[in-house]
Structures are given as structure tokens and as C-alpha cells.
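Take this structure, written in C-alpha cells, and hold onto it; I'll ask about it next.
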Amino acid sequence: MVKNWKSKLHEIIYEADTRAGKLFDVVLLVLILASVALVMLESVADFAGKYGTFLNISEWVITILFTFEYFARIICIRKPAQYIFSFYGIIDFLSTIPKYLSLFFVGSHSLVVLRALRLMRVFRILKLARFVGESNNLMRALKASRIKIGIFIMFVLILCTILGSIMYLVEGGIENSKFTSIPQSIYWAIVTLTTVGYGDMFPTTVIGQSIASIIMILGYGIIAVPTGIVTAQFATMEKDQLHLNTQSCPNCAAEGHRDGAEFCFDCGAVLNPEETN
Amino acid sequence: MVKNWKSKLHEIIYEADTRAGKLFDVVLLVLILASVALVMLESVADFAGKYGTFLNISEWVITILFTFEYFARIICIRKPAQYIFSFYGIIDFLSTIPKYLSLFFVGSHSLVVLRALRLMRVFRILKLARFVGESNNLMRALKASRIKIGIFIMFVLILCTILGSIMYLVEGGIENSKFTSIPQSIYWAIVTLTTVGYGDMFPTTVIGQSIASIIMILGYGIIAVPTGIVTAQFATMEKDQLHLNTQSCPNCAAEGHRDGAEFCFDCGAVLNPEETN
Amino acid sequence: MVKNWKSKLHEIIYEADTRAGKLFDVVLLVLILASVALVMLESVADFAGKYGTFLNISEWVITILFTFEYFARIICIRKPAQYIFSFYGIIDFLSTIPKYLSLFFVGSHSLVVLRALRLMRVFRILKLARFVGESNNLMRALKASRIKIGIFIMFVLILCTILGSIMYLVEGGIENSKFTSIPQSIYWAIVTLTTVGYGDMFPTTVIGQSIASIIMILGYGIIAVPTGIVTAQFATMEKDQLHLNTQSCPNCAAEGHRDGAEFCFDCGAVLNPEETN
Amino acid sequence: MVKNWKSKLHEIIYEADTRAGKLFDVVLLVLILASVALVMLESVADFAGKYGTFLNISEWVITILFTFEYFARIICIRKPAQYIFSFYGIIDFLSTIPKYLSLFFVGSHSLVVLRALRLMRVFRILKLARFVGESNNLMRALKASRIKIGIFIMFVLILCTILGSIMYLVEGGIENSKFTSIPQSIYWAIVTLTTVGYGDMFPTTVIGQSIASIIMILGYGIIAVPTGIVTAQFATMEKDQLHLNTQSCPNCAAEGHRDGAEFCFDCGAVLNPEETN
């Protein structure tokens, strides 16, 4: 029965409750890591010179495997558009297509680098282990404090714009100054406030150094704010934690179903029964 | 009735409960962002060369709009001095006047940079959204710990002065040393303690590097103090949070009225009735 | 009565409960700040050239005032040794003597820099304000977690020694390497682990950069430990706070007496009665 | 009785409850510190030139003492393999053998640097003091949050890979760019995200600097996550703390026995009775 065959493929690819599903995830993980390693090695001039042919062939093999996977994902889901235009669907597409494009357009090969984006799938594959509860907790704490964090980031950006502009006024006119424009000065303000401090730009006047000192101490103190937000969230969250499983709806691909759920919380379709292993 | 017309303008400009008030805030926000973008682009030499005339005209348009806004704010409030000498009143004035001054004084044009200060208005405009509760909470936590943070900053400054002075003793006499004076050495101590570390100055003697190591480990550990202060505050504050609305007193411009308040907590004047939308 | 006169002087100098005592502290604070500012300005070559005489005279005036204060402190206390060999007594001595020594020894003038140490007195003078409770709380939280922090610092030092030694093995042999010795490499490890990152030394080999990456991520994560220690301490401490006053024992100079205490907790001597103002 | 003699040696070497045991630990600590200091001094070219012979002899003395200790540890334990292949056993071996190897192989002397690893024994020796409870608590808090921290580190690494790859696309083609390969760019991303910021590589294009700004603000905010995890753990852990002693099982060398335990929790062997001092 066709439906049965598709539903089985769906279970293997989209879920991790069965043995075959777990194996598929592990193989996929290894392939992704290999593909990223290949792209890295190719970018190292010495290596690309010596092993160019080997790298090229390996990349084609992985590209073709990824292509199979991409079509398998489309075939076995009931509403393919739901996958194609999902976050991971777009990433899968972007990481597979550049190699084919490189056949027709010369410059496009460097886009293979985008394959690194597939590393994000690691977070979905992780679900197969006991990390589920822990990482869900992490995510929920961050989500709960996203408004406060958003306000904080906006505050940091506005602060850097103002401080950068003032710095441009102070240091901009000096001979050989690196503060050549306001955007450049804002970049410097961000480098300083976040305590990165490359040293490609630094103030040379007394007033400039005084303002820089204020920015540094500000940055040193302000870091307390996101930490405070997240920590307070963690502390209140530690008590209760939800248990979600690795099921994925065969109809709409929604995830995060509670243990024992029989219907998709999003579209109401029947979920595959969980295996008890 | 004149009073009625003014009170309506007040509601639009100073508050964000009505549709017109929200629209005004959004338009103002867009104008501020545009004005900052213009000033930034003008500071980039390439861009200013090509599009000088366009930039100049745009700036004049925005300056005139800001001038209208400034006078509207003065007219529609009962006690204009309260606005003119308020924090935002002074910033509004400082960000509008430099363009006019540039007609008479050649060098004063660069003060247009001060327009970046208007970005701070974003925090007031933010009030129109649900950010109110969240950002109030943030502010209250920081306010509650301001004495502790003040002591901490003073402690950091004194520490940097002492460590900078000692470093000047140790590294100051070395040939080609960058530690040319005590203020310079204090600047270095701040750069190091806050873990910014530009690399424009660094110790070269064994004793100097040993002292630098101590400063770094100190700075690495001391950062725990402001974080601890703010976090403890957040944790105790998480429980209860006040709900304030976006009303502003038509008489004295005081803000932060509780939901449903009918009189200003500061001067006792009658507040505009809240719209229920 | 001599005893009475001495006890009055003691109250002015060592305590801050009376009006005269507060005035003394404020004057002392101003003098200390002035003396530090003078030493700073003198170290700036430009300034010292122009205003050398003025700076020299001002320094002598302040040195003589500090000398008077030093002897007054010795005279009015019953057991002078207790002050002379106390922490602040030694600092007071060290910050007064270099100016006199400069009359006899040529090079000793630069020790005037040690005057910056007197800035620490600010923390004692602070006690005159409402900062008492807050800063006591701060201190108690740090004291309570000093063993944990000590273990942490030792752990960081050992980690840096091991990582620095390994880095010396890896990068030490490279041509033009800055990793010339193990102490130098340990210094680099501290600079990296604390996320200061001057850029005067950095790895150039692939293995070196990999180890550096591990150190950085370690340092980025390890900073959570002191923060966690101090924060947890603050959170548990927030609840109860002791109220101590600014009294100082006229016999042994012990401080930190509880409100209303009539006898010194350390030597049992009678304390000056608190004024009610 | 032979068994008695061995059990006594075991108590001295592996435990710290008796006076002899404590003395042994202190002597060992001093020897380890001396050996590390010797290796450090030898790496400083100036010093090694002048005192080469002295350093060489001292190192041989310490090496021989360490050799005795190594064999004593093997002899007095009932199952020597348990020690030889334990973490500390391997470190002890690695830090003793290079000096002997240097007699036969010329280049192997530099491996003496590995002796720094023995510094880790400090943490075991520490147990003799009251640090036990405190450091156990520290360790348990870190252990309890190790999954969350592991996920976080993996997240940071994946993020740096993706950001580094994108940066290579953006800055890689520029003339004289330091972003010569993807691994190099990933290294830069780690340097930036952890706010170390050496300044050996930095972006020069506008897009590159914009991406760098995003990475910095990300790094500045993300640091809140490990801090939040550890702090929340500390806070919940503060309440209860186990009391473990410094006993070590004479049979299998397991540690961390509760006060008053009479049998090893791991192999069931009888523990040496605790001395009451």
C-alpha cells in the first residue's frame, strides 16, 4: 500500500522514535559534518592544490546524497509546500543547489560555503537523545526573556550610535585619524562596548581616551543586564519542565508534541503511534 | 474652543492612547531614524561627494519638520518651561539648532551629529507597545541597585588609578615605553581591567606583565559583582510588576501614571480620559 | 583637661558622627583628590614643563598638611602603634614620606605616585553617608564567598600554567615566534583566558590557533563561575542586613560597631556616645 | 607484617587524615611547585645560559624523587592497574618519563613541559584543608549543569562555523585580506564572539564590519547563558551540602566517601578507620 510506504519513509526521515529513524539521523549527521569539513579543506589553498580532484568528487557524492534526501523529504510528506518553505527546507535547498549552479556559472561555486548552515540541523537531530528536556528548557528561558533582551540590544545599538557620533566629533578631525566617518566610529563603539577591542582603531586624544574609558566601564557594567535577565528566568524556570517527544506530524511537520499525544496540536492529524523501546 | 484644540494637540503629541497619537509617534520615529541616517551618510566622504545636494536638501526638510514639532510641543503644553528645560526638551533643541547655526558659523555644521541624541526618544515612543511593563521592570531593577552600582564604579575607578600609577612606576622609565604619563597608564588600566585590551599599549617588562596578569584576573573576577547585584535584584523583582500606562499629564508632563488614574500624581491636574481600544 | 582635648580630636579625626568630624572628612577627601590630581599632572611632560614650580609648591603644601594629619592621628589615639601599623597607617606613611626623601635622594621623587594609594581612604570616608548599609552588604557577600573565589583563582592560574606550557611546546619553535619562554606563554594564556586579547602575541600555526580557540571558549564559559558564586551569595543575603555605624574605638580604632553599642567589641573600651542628629 | 606495612604506606600516600599523610602531601606540593618553576626558568634563554648546570641537576633530583613516589604508589595499592591507568596515574607517568627519554632521544627534552600537568594534583591535595566542602559544592554545581553547558558550547561552535564561513564569503576575496581560508575565518569568529579580539585579523569592508558588529553583540549577549545556567544551579544548591572526607579506598582508590563510612561505596572493601584529631 502506497500510503503505508510513504508513512514509513516519513517516520524514518522526520522522526527518531524507531531504530531506522535513529540510524538515518546519525548517517545524516555524519554526512553534514563531512560536507562542512570538505568545504573547509577546499578553502585552504595548500590542501586544495594537492587534493583538488578528491575534494571535487567527494563533494559531488555528498551533493547527490543530499539531493536524494531533499526529494525524499518532499515525497513522503502530505503537504510538500510545508517543508519546502519551512526554515530547514530553505536551508536544505540553499546548501544543495550551489554545486549544481557551479556547472553553469563560474563564480557561484563559493556559495558551497552556505552548506555550513546545515549544521543547524544538529539541533533537530539532537532531539534523539536525552538532550530534549534540557535544551527545551534552555530555549524556553530564552524565549520568555526575548522582549527584555530585544530592548537591551536596541538600547546597546542606540548607545553605540550616540557614543560613536560624539567620538567622531572629537577624534574625526585629527590627522591620520581612523575615525573617518560616523558608521566607522559606531563600529568602533560596538567593538569597545562589547569589550572585544581589536585595536585596529583607538582614540589618541585625551578627550577621546576619556570618552573611551567611560564606554568601557559602561560596557563592563551593562553586561550585567542580559545576564541578570536570563539568570532570573532560569531560576524561576528550574522548578517545572515539560516533557516533549521527538514526534513530527506526518501531515504538517509540526513538532514538539507532548508525550502520549495522539493528534497534532496544530492541524489535528493523527500522529504515528510511539514505539515503546 | 481654543483650550479644546490645544488639549487635542497635546493628546496627539504627548500621548499614545489614541490612533492619531500612535500615528504621530510612528511618523516621528521614522523621521528621527531618517535624520540619523542622513547625518551618517554625510560623514562618509565618498557618499557626501556624490550626493551632497540631495543630502543638504533632505536635512533642511527634516530640520524644518523638527522645528514645527518643537514649537507644537511648546504651544500645546500649559507650562512650556516644563518641556523646554526637560531632558528631552533640551535634546530636541540641541538637535534642531545646529543646522540653522551652520548658516552663520562655518564650523558649526558638524554639530548636526548631535541629532543622534534624538534616538533616545525611541525609548519614550516604545511605550506605545506592550514593552511598557517589561522595560519598566528593567528600569526599576537598575534604579533599585544604583547605589551598589555607583559604589562599584567608584571602586573600579580608584583601583584603576592606583594600578595605573604603580604601572607608571614600573614601565614608565623603559625606552620607547607607551606608558608616558599617569593618566595614560590609568587609561591602560581601564582598558585592561574591563578586558577590552586594544593592544595599543601593553607591558614589556616581566614585572609589568605580572602586574598586568593580576589586573586581568581581577577584572575577570570583578565583573561578577555588577552581575550579581543586578541579577539578585531581578530575581526578587520578578514576582510583582506594576502596570503603568502611556498617559502624560497635560499640565506638567509627568509620566508613569497607573492604569485608570484620573489625576496627575505630581501636580493633581485632571488627566485625559483613557480611550478603550 | 588634656584627656578631653585628645578625645575631642579623636572624635573629629576618627569618627564621622559630629559636624566637625564630617567637615574633617570632606576636607581630607578634597585634599587627597587634589594630591592625586597634582601627581597625575606632573607626570604629563607638557604640563610639568610649563607649570613645574606651581606643581612643586602645591605638592609641598599638601605634603605638610598630610604630615600634620599623620601626627594628629598618632597623638589623639591611646595606643599609637595600633594606628601606625594598621593598613591605613602604613598607606598614610608611604604617601607622605617620598616628598621628604626627594630632598636627599634624587630618584626617589617618583615614589610620590604611591600617594594614589590614599584614594582607598575614600571607602572609609564613604561611611559618613548612607552608603554604609549598602557597601557593608557588598563586602559581606564577597567575604562569604572568598574561599570559593580563592579556589577559582587558583584553578585559573593552574589552568593558565598548563595551557601556557603546552602552547610553548606548540608555538615556541616557530621562526619569529613571540612565545619565547614559558612565563611569556603563561602571560599570553592569561591575556586570552580573561578575554583581554591585546594582540601583542597570538598563535600563527593551525594547532596553536586550535588550542587558542579552546582557551577562549573555556574563558568565555568559566567566567560564569565567579558570577554564579557572587550572585547566589547576593540572592541569599538580600534578606537580612546589619546596621553598623561610623563609630571608631578611641582606644584601639576598631570599627563596625552596631548602632547603640556602648563598648568596643574588640577591646571593651567605652565608645564616645553617639550624637543624635 | 607485610600487609600492615603496605597499608600504612597507603594511608600516608593516598590519604590525608593522619599527620604523616598531611606532611607527605605538603612535601609533594612543594616538589611539584619547584619542578614547575625549574621548567619555567629553563625556558627563559638568559637564565638557562647562566645556570644551566644547576637547573639540570635539580631536575634530575626531582625526577628521581618523582620516580620513587610513582613506584611507591604502585606497590602499596592492592590493584596497581587501577592507579596506573587512572587520570592521575597517567599524568604522573607523563611528567616523569621525559627526563629519562632525553638521555636517549635528543628532541624529547622539551616534553618536560608536561610536568605542569602535575599541578592538577593540587586539587587533590587541597582536600586536606577545609576546602573540601566548598570545592565539592563547586564541582557538583558544574556537574549538574554539564549537559546544558555542553549544548551551549556546541551551539557556540556551530554558530562560529556558520559566521566564519559567511565572513569568508564576504571578506575572503579582498586584496591582502587575512581571511585566507574558512578555518582561519572560524578562528576569527571565535576570537570575536568570545570578546577576546586580538586584532591580528579584522574586517575592512562595510559588510564585513556590519557582520562583525552583529557577532560582537551576539557574543556580548550569549555570555548570559552559561552564567545563567551556573548561577541558577548554585542558587538551588546553596541549601544542602554533603560532607565528604579525604579517605581513599585501599583496594580500588575510589574517593569521596561520606564522613563515617566504613566500606568503600564502589568495591565494598573495608576503609581505614578515620583518625579523630
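By letter and in written order, the chains are A, B, C and D; residue numbering begins at 1 in each of them.
Quick note on the criterion: a residue touches a chain if its C-beta (ideal position, glycine included) is under 8 Å from a C-beta of that chain, and two chains touch if they have at least 3 such contacts.
Here the structure is a predicted model, which means the values were calculated and not measured.
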Problem set entry | Pair with more cross-chain C-beta pairs in contact, given A-C and A-D | A-D
For this session: Overlay chain C and chain D by their C-alpha atoms and let me know the rotation angle in degrees, rounded to the nearest 5.
Result: 90
Exercise. Shared interface numbers for chain B and chain C above half of all numbers used, same, or below, different?
Worked result: different
Exercise. Between chain A and chain D, what is the separation of their C-alpha centroids in Å?
Worked result: 32
Seminar exercise, completed: Taking each chain's centre as the mean of its CA atoms, chain A sits from chain C at a distance in Å of 45
Problem set entry | Residue list for chain D, restricted to those that touch at least two other chains | 152, 183, 195-199, 219, 223, 227, 229, 231, 235
Exercise. Which residues of chain D touch chain A in the complex?
Worked result: 147-148, 151-152, 154-155, 158, 161-162, 165-166, 168-169, 172, 180-183, 186, 192, 195-199, 202, 206, 209, 212-213, 216-217, 219-221, 223-225, 227-229, 231-232, 235-236
Exercise. For chain C, which residues count as touching chain A in their complex?
Worked result: 195-199, 227, 231
For this session: Provide the residue numbers of chain A that touch chain D in the complex, in ascending order.
Result: 36, 39-40, 43-45, 110-111, 113-114, 116-117, 119-120, 122-123, 126, 130-131, 134-135, 137-138, 141-142, 149, 152-153, 156-157, 183-184, 187, 190-191, 193-200, 219, 223, 226-227, 229-231, 233-235, 237-238
